[in-house]
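Down below are the structures I want you to see.
What follows is a pair of complexes built around chain A, which joins chain B in one and chain C in the other.
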Partner chain A sequence: MATHEEITESLKVFTDNYNKSERLKIMNRDWDRVVEVKATDVESEHTMILKDGVVSLKKGVVENPDLTVISDSETLADIFYGDITPTEPYNNGTLRIMGSEDDIIRLDFISLLIWGE
Partner chain B sequence: MKRVVSVSLGSSKRDHKVYADFLGEKFEISRMGTDGNFDRALELLQDLDGKVDAIGLGGIDVYLFVKNKRYAIKDGLRLMEAVQVTPIVDGSGLKNTLEREVVRVLADETGHLKKGTKVLMVSSVDRFGMAEALTEMGCDVTFGDLIFTAGIPYPIKTVEELEELAGRILPEISQMPFHMIYPTGKKQETQDEDKVKKFARYYHDAEVIGGDFHLIRRFMPDQMNRQIILTNTTTLDDIEFLRKKGVALLVTTTPEYEGRSFGTNVMEAVLVSIIGKPWNDITSKDYLDLLLQLNFRPRILDLKA
Partner chain C sequence: MQLKRVLTLRTVVATSAGLTLASSSFIAAVQVAGFLLGDTAWIAILVGGVLCFLTAACFSELNGLLPTANGIRLYFKRAFNDQVSLTVSIMYMLIVIIGVVGAESYVISSILNEAFPAVPPYFWIVLMLLAVTAMNIRGIKIAGIFQDVITYGLMASIILFGLIALYKVNFQLDAPLAPGSASGIINAVAIGIFLFVGFEWVTPLAEEVTQIKQISRGMMIALGILSVAYALFTVGMTAVLPKETLAHSASPQVVFARAVLGDTGVFWMTAVSLAATVTTFNAGMISVSRFMYASAREHVLPAIFKKVSIRFFTPWAAIVTLFFIGLVAAGVTLFTQRYVMLVELAAAMESIVYALAGLAVISLHRRLPDQPRPYLIKGGYLVPALTTMVFTVLAAAVFTSNPWVLIIMAVAFLICLAYVKTAVPYLRKKHQSVKPAAKRRRPVRTAKEFDGKHE
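Let's look at the complex of A and B:
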């Protein structure tokens, strides 16, 4: 089980790596989205805000997010640290993502562009 | 008579059967669509195994090639592995051979392609042979894989960047349910209106639009300005659709039989049944030699007439 602090740290690593990539910022200039990240086994809620291609992170949740990412704390930390890709936990149901199919695919692509081989 | 069947995850509305002669041998070629129903496709494949001469797998790719790397799509492999006896192909072997050849024919013999021609490939990882051949002949190619598959408005402009991005994305995306990355079943009969509006400029800016027909159709805007479409698997309805959109010329990489061009999976199944070798042992040269014997030529249809 990961702690809330570990999830926060993994999300910081994820957002930092995203923001370091000029290509990702160009790719997502058109995609303003609010992504909520929730753990199922510890009290841990975060919100990532994508605006004008840049992503920012805050603790807690907001109303009406475009995407909600839900999983156990360990899986969330593993994904956002880049230790595992979202595909397998998504396919086996450990990771749930709520939102439009187009947004889910795009979020998956973004994570692969950050962490892919 | 040899029997070749294409089992497709696509719409059953496109089902048909034709008879054709190849090198003096009669063929019955049919297509069976399952409207995106994966389990139905599995059942059909198991039922046909051992009863026909070759099977084509349509509406889904099994292998994607980028340069020397091959990526296997999990759902496609599951379907392919359901067949144990009959040769089964997805068209990727033929695409890599025939579609390079078609680019050469269009450049050398028709003048429709030349250095600097602006080409949009709606998706290139499923047709890398065509994409690479267009690049090698000096066309100004936009690889639209991220645009139309992921909705990311980022035109890839070089094979090197395509290769780099494919290396990051394809190992994982190929494990996703196929319907999330490609329109299957009823989605093949509709357009994605949001993306049609959002990405119309990529179509309008191109002189030639190449790639998978279902993708080309799904995102094509109105008021096309006399572009050339380079694809295959078109029906009479598809031709009418293109004409209404304002397309000037349709080039299909596979020949026409009774008003429609078949998918490369169907034609590859025919060729494999003629060559008679296991699929893994068939080389590009085997395909090229046979294509030459069969005098396969692209179909070029003027839609302005």
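Let's look at the complex of A and C:
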């Protein structure tokens, strides 16, 4: 089981890597979204806010997210550190993403561009 | 927690019904009528609708248990195993897309060819597939209010045509409860399942609604409206025209519309058929291309299908491949004119998937007994067991009435199984060999750190 701090750290690594990529910032400049990340086995909630192509991270949740990413703490930390791809946990039901299908594909693609296969 | 873009029940109903409404549905409706005596087609259609309620209950429980856009791929993987899930999913996508695109292309091209005889039928198919492909690549979706308007407009048109026809001939049921032989009824119900093909494809929306129960409620309402609409329309058709006349046409709905309302009817029905075909093509392409993308990401389909457009964030390689599959399916259907067999193939495949859905519910009761189920079928194993039995019999009825369907399905099954047994392990192995050496980015916690966090 990962801790809340580990999930926070993984999300920081993810957002830092995202913000370092000019390509991703240009690609997502019109994709303003609020993404909630929630662990199922520990008290841990974060919100990533994408605005004008730049992503920022805050602890806690906001009202009306566009996407909600839900999984156990271990899976979340591994995904955002890029140690595993989201595909396998998503396909076996460990990872749930609530939101529109197009947004889910884009989130998956962002992860692919940051971490590769 | 509330998502920003929450789909309403109205849109869930429209999506579920919209996926089933196709121009080729009228071919199936005429076939249903052909198996029964007199004007009793409504019995088979309503029975088909009621049986689909059983399936809807199974899908509701599965969807509540495992809310996912992956649908049967995940349900069957958890209920049976990965190989069964993959084989059935690939076969289902292949047969339904080929069956629906092929039959739909044939019907719509014959309608447009009648309106514009100088233009070759294949031209219309290429044009429509190109339009839908372009829409899909650009990520333009027929969704929300627009989807609602089209679907409710289609359902209203079907019901209105049926009522006008029945009124015009001063219809009275002659022998309402004498549909003929038992085998005729079973065959009629089996083909009637085609009328509802795809109603359960609404389950991927599970991730876009806040209350999972909305999906089950939406499916049930859609099935209810569709059953009544198709029953009225089919009885209207057979009341106005002889069954033989309808059976000999690739576009019986247009022949019927002409008989009821003359040129206005033809114009109206052509518009209805065009809308039905475009929404069917579009919904099919969206679902199957996303399935191909997800499968490529898990290395069970070639890596090319995970290519995503940088500009539109859509899986363009999968969409373009589907365009070519659609062209071939349409071309072969136009050449062979075997569109009825495609309807039978799709109906049989759908029945098999519904039978497996019942089995999946039973299996998951045993495998995941304690997992929360927002929708639990009442009566224990009765409904899923009944679903499995009924749809197995219906699939067998299609195979018996046309052995070619069984042969094609058996060949398709063997090809898919061989693919899953040989190509999938190869693709996974290939991925492992080209994958850079695993480098763990996440810092490893020491035992001391771990204990400190848990004191």
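We adopt the following convention: the second predicted complex is superposed on the first by the 116 of 117 C-alpha atoms of A that agree within 3 Å, B and C clash if a C-alpha of one lies under 4 Å from a C-alpha of the other, contacts with A are read in each partner's own complex, and residues count from 1 in each chain.
Operating definition for what follows: contacts are C-beta pairs under 8 Å (C-beta built on N, C-alpha and C of every residue); 3 or more make two chains touch, one makes a residue touch a chain.
Note that the coordinates shown come from a computational prediction; the quantities given were computed from them, not determined experimentally.
S.K.: Could you tell me whether chain B and chain C fit or clash when both sit on chain A in the superposition?
M.R.: Once both complexes are aligned on chain A, chain B and chain C clash.
S.K.: Figure out whether A:Ile105 sits in contact with chain B (first) or chain C (second), or with both, or with neither.
M.R.: Both partners, chain B and chain C.
S.K.: With the two complexes superposed on chain A, say which partner A:Asn91 touches: chain B (first), chain C (second), both, or neither.
M.R.: both
S.K.: Should A:Met27 be classified as contacting the first partner (chain B), the second (chain C), both, or neither?
M.R.: both
S.K.: Contact-wise, after the overlay, does A:Glu36 reach chain B, chain C, both or neither (first, second, both, neither)?
M.R.: Touch partner of A:Glu36: chain C, not chain B.
S.K.: Please name the chain, chain B or chain C, that touches the greater number of residues in chain A.
M.R.: Larger number of chain A residues touched: C.
S.K.: Clash-wise, after the superposition, say which stretch of chain B runs into chain C: 135-143, 189-197 or 279-287.
M.R.: Stretch 189-197 of chain B has C-alpha atoms clashing with chain C.
S.K.: Please identify the positions on chain A that touch both chain B and chain C, taking each partner from its own complex.
M.R.: Comparing the two interfaces on chain A, one with chain B and one with chain C, the shared residues are 27, 85, 87-88, 90-91, 101-102, 104-106, 108-109, 116-117.
S.K.: Could you pull out which chain C residues touch chain A in their complex?
M.R.: Counting only chain C, the residues touching chain A are 1-5, 66-70, 73-74, 77-78, 139, 141, 204, 207-208, 286, 290, 293-294, 297-298, 308, 310, 313-315, 431, 435-436, 440-443, 445, 453.
S.K.: For a test of understanding, state which residues of chain A touch chain C in their complex under the given definition.
M.R.: 3, 5-6, 9-10, 13, 27, 34, 36, 61, 63-68, 77-78, 81-83, 85, 87-88, 90-93, 96-102, 104-106, 108-109, 116-117
S.K.: Going by the contact rule set out above, which residues of chain B touch chain A in the complex?
M.R.: Residues of chain B touching chain A: 146, 149-154, 165, 167-169, 171-173, 175-177, 180-181, 194.
S.K.: Quick one: which bits of chain A touch chain B in the complex? Just the residue numbers, please.
M.R.: Interface residues on the chain A side: 23, 26-28, 30-31, 85, 87-88, 90-91, 101-102, 104-106, 108-109, 112-113, 116-117.
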